[in-house]
Amino acid sequence: MALSRQQMAMRVARELRDGYYVNLGIGIPTLVANYVPEGMEVMLQSENGLLGMGPFPTEEQLDADMINAGKQTVTAITGASIFSSAESFAMIRGGHVDLTVLGAFEVDVQGNIASWMIPGKLVKGMGGAMDLVAGADNIIVTMTHASKSGASKLLPECTLPLTGAGCIHKVVTDLAYVEINDGKFWLKERAPGVSVDEIVSKTAGEMVVPEVVGEMGF
Amino acid sequence: MALSRQQMAMRVARELRDGYYVNLGIGIPTLVANYVPEGMEVMLQSENGLLGMGPFPTEEQLDADMINAGKQTVTAITGASIFSSAESFAMIRGGHVDLTVLGAFEVDVQGNIASWMIPGKLVKGMGGAMDLVAGADNIIVTMTHASKSGASKLLPECTLPLTGAGCIHKVVTDLAYVEINDGKFWLKERAPGVSVDEIVSKTAGEMVVPEVVGEMGF
Amino acid sequence: MSGFDKVVNTYAEALDGLQDGMTIIAGGFGLCGIPEGCIARIREMGVRDLTIISNNCGVDDFGLGLLLEGRQIKKMVSSYVGENAIFEQQFLDGELEVELTPQGTLAEKMRAGGAGIPAFYTATGYGTPVGEGKEVREFNGRNYILEEAVTGDFAIVKGWKADRYGNVIYRHTAQNFNPMAATAGRITVVEVEEIVEPGKLEPGTIHTPGIYVNRLIQGEFEKRIEQRTLTE
Amino acid sequence: MSGFDKVVNTYAEALDGLQDGMTIIAGGFGLCGIPEGCIARIREMGVRDLTIISNNCGVDDFGLGLLLEGRQIKKMVSSYVGENAIFEQQFLDGELEVELTPQGTLAEKMRAGGAGIPAFYTATGYGTPVGEGKEVREFNGRNYILEEAVTGDFAIVKGWKADRYGNVIYRHTAQNFNPMAATAGRITVVEVEEIVEPGKLEPGTIHTPGIYVNRLIQGEFEKRIEQRTLTE
């Protein structure tokens, strides 16, 4: 069965390491913070200028001057630092963030990602997404494997305008964990009860399938 | 008679305005701080990262962590700010300093300045001088009009390696106040008792001399 | 106090000289740390054909959205403009030009504008619509695009505390784009919650040194919250 | 405390992995705010053929001058190297290569290295020996030269206070090049006068966020004064 949003976040969370500075995008990526393994600490970077983002505030803690990149009111953890957006993106673009997790519309076998613009629909803007994908060495894209109508989101070539070129190597979908290298998708793990055939049929780009594909455990 | 070093500093000080942020180089420029006109305030920028440099410290105030760009121990005035060298040169290069005063070996009719390197002699480095001349709109060069052997320092073309190109418009020498525009020196004022002939004879570059050249008063 | 006293008493003085067609760089992220008083005054002045460089454009009835309401903006340079129905309408009607700029590139373009760096290379946007028409250059085997600095006729900035010399400190994430905006205005106007005497702020904690600030005013702030999220 | 505790107990740990031929970016201006303990340890390690990127090179018997004494430096990238007789001798003997870089350009090259900006344009050095061989480009009628970023295998930095997470505050003008150096090392080592628990430093006053810091050590500092100037 396809993974739930929570399970996708849980799978992504397995890529966390103790001491990682992590930037989580809006949506499923945000849920990853709920599944940091026991005994491990990660620090969340919010690209408006906060390193060490904490949970949402209580009524008493609520402060209009303390928000995250999604413009939600948040708190800062003990040991946080706060800085300008230029400093924040110096960190991001300079490759200092250990892991970036974000959603997408499409990825392709070249590691291209499209996540911000659908021609014909109103464009709201890329926010920090282009900086995040250009700056990070270690990015996980998390999205459904195919659209509701069944169209694959893992393509030979992205059809939508790109967010970044050649920067994606890891994708967690509701069906599989896939890596991107050498111009191909590499199937690494499948969701419990999901067949390799289903994954392959929903993957439009060339995919390398090993003899044995392990099932994710939850 | 040629101006003393103190008089040169006094003449430069007449270019100060209330509320100016000023960077003063080593030597005669440093003396300018002693001649800020009554009722006027200027704030000194030290390019290592201090805006609001105060006088040398007393024994009690002496602090190894508080130095100026000449590596001398200094104090900070009330209302000073302290920042990184990158921020300091952002100010300088970004044209935020109102007046820069520095010494030179040579200037020429194109507004070029040579002040940091004499081929054959050991080169110690340009420090912040190249940033200062490139960043400031308003620079005053102060130096003797000619070398001890009588060679002019106001040239048709600098002979020494440049510190900056086309950036100097005002020169205070021991003999005169000269402006540089349109590829010429323009004689504006002469030191008390110094003849126009003497100035012209010690100026190698083309100089425009008005009918009347006022004498500096002290 | 003399020449370094940057304090003005009215927003009219603070924005004196602002004219039709000018470019304004504004600090703020969403509705957090926005120069509320300056925006209100610009609305009141009715100046038009403005180019506004700001990460966002407020909401319909608050922040820079007020200037959309007044049809005063000709062009927005922003990274994200999604919270605003008037914006959408004016954009679709062709009244409003939009230059979408990645958030980090926008912050860096403002910093560069203030720091005398006319242009820089960044990997951000390479291979995307943002990179179209821009020079591409390879450094150490990777491709980058050339981005140019921005400056404004005015910069409008929201600080927390400032001394009369214009040394400014920002509060929490209301810092955001404000420090860079402050460096990039020909005339930089800072409004703060509290003005103190010089010497009250520790020199090493100042975010924006007074050299960048031309006019300083004490304001009152609604500080509207865009997304009030509370812990359960 | 776990994964974010950057504290190491010895300089041997702090500089573990430093090898012959590596590039080190060092904070400090003159003898002010220099990483004394790291320099002493590098001298002791005896690693050679180092490239050191630092505004100055200390004096004969203190600061980076100690590494000259040990004949450990192959190349210096600095803006001013005038206080040092050993330096002069090694330079004249052709043992030591020197790349003179304007002070502001050097600071910006370090910042760029840490900030993922591979290169930028600056007017500084245009038309001078510094500009020779570099690309010249005109923006808005003025000429600029292209300068590339620098990074180091190690960065060695002197702070004042830091918490165990590596959030650092500098003291007075001992800040100088340290914050930029801290961003530009593959491994950044910070030595400070005092290590405090997380939460003791106000988040908005931190000069170097811990994300840039790999190893943190509490040191003891001579803080030698280069030019002791007193008021009369």
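Letters A, B, C and D mark the chains in the order given here, with residues in each chain numbered from 1 onward.
We adopt the following convention: contacts are C-beta pairs under 8 Å (C-beta built on N, C-alpha and C of every residue); 3 or more make two chains touch, one makes a residue touch a chain.
This one's a predicted model, so the numbers in the text were calculated from it and none came from an experiment.
K.L.:
Which chains does chain B share as contact partners with chain C?
P.N.:
Looking at chain C and chain B together, the chains touching each of them are D.
K.L.:
Let me spell it out: compute each chain's centre from its C-alpha atoms, then which one is farthest from chain A's centre?
P.N.:
It is B whose centre lies farthest from that of chain A.
K.L.:
For chain C and chain D, what's the span in angstrom between their mean Cα positions?
P.N.:
Each chain's C-alpha centroid was found; their separation is 32 Å.
K.L.:
Measuring from the mean C-alpha position of chain A to the mean C-alpha position of chain C, what distance in angstrom results?
P.N.:
Measuring from centre to centre gives 29 Å for this pair.
K.L.:
Can you work out the whole-Å distance between the CA centroids of chain A and chain B?
P.N.:
The mean C-alpha positions of chain A and chain B differ by 55 Å.
K.L.:
Quick one: which residues in chain D touch 2 or more of the other chains?
P.N.:
108, 111, 115-117, 122-123, 171-172, 175, 203-204, 207
K.L.:
I need the residues of chain A touching at least two other chains; which ones are they?
P.N.:
76, 82-83, 89, 92-93, 134-135
K.L.:
If I apply the definition of touch given earlier, which pairs of chains qualify?
P.N.:
A-C, A-D, B-C, B-D, C-D
K.L.:
Mind listing the chain A positions that touch chain C in their complex?
P.N.:
46-50, 55-59, 62-68, 70-74, 76, 82-86, 88-89, 92-93, 112, 117, 122-131, 134-135, 161-166
K.L.:
Across the complex, what residues on chain D touch chain C?
P.N.:
Residues of chain D touching chain C: 108, 112, 115-123, 137, 139-140, 142, 144, 148, 169-172, 175, 203-205, 207.
K.L.:
Which part of chain C faces chain B closely enough to touch in the complex?
P.N.:
2-4, 111, 113-117, 163-165, 167, 183, 198-199, 203-204, 206, 209-212
K.L.:
So in the complex, which bits of chain D are touching chain B?
P.N.:
That would be residues 29-33, 55, 78-82, 88, 91-92, 100, 102-105, 107-108, 110-111, 122-130, 143, 160, 171-180, 207, 223-231 of chain D.
K.L.:
Enumerate the contact residues on chain B facing chain C in the complex.
P.N.:
So the residues of chain B in touch with chain C come to 17-21, 39-43, 45, 51-52, 76, 78-83, 87, 89-97, 134-135.
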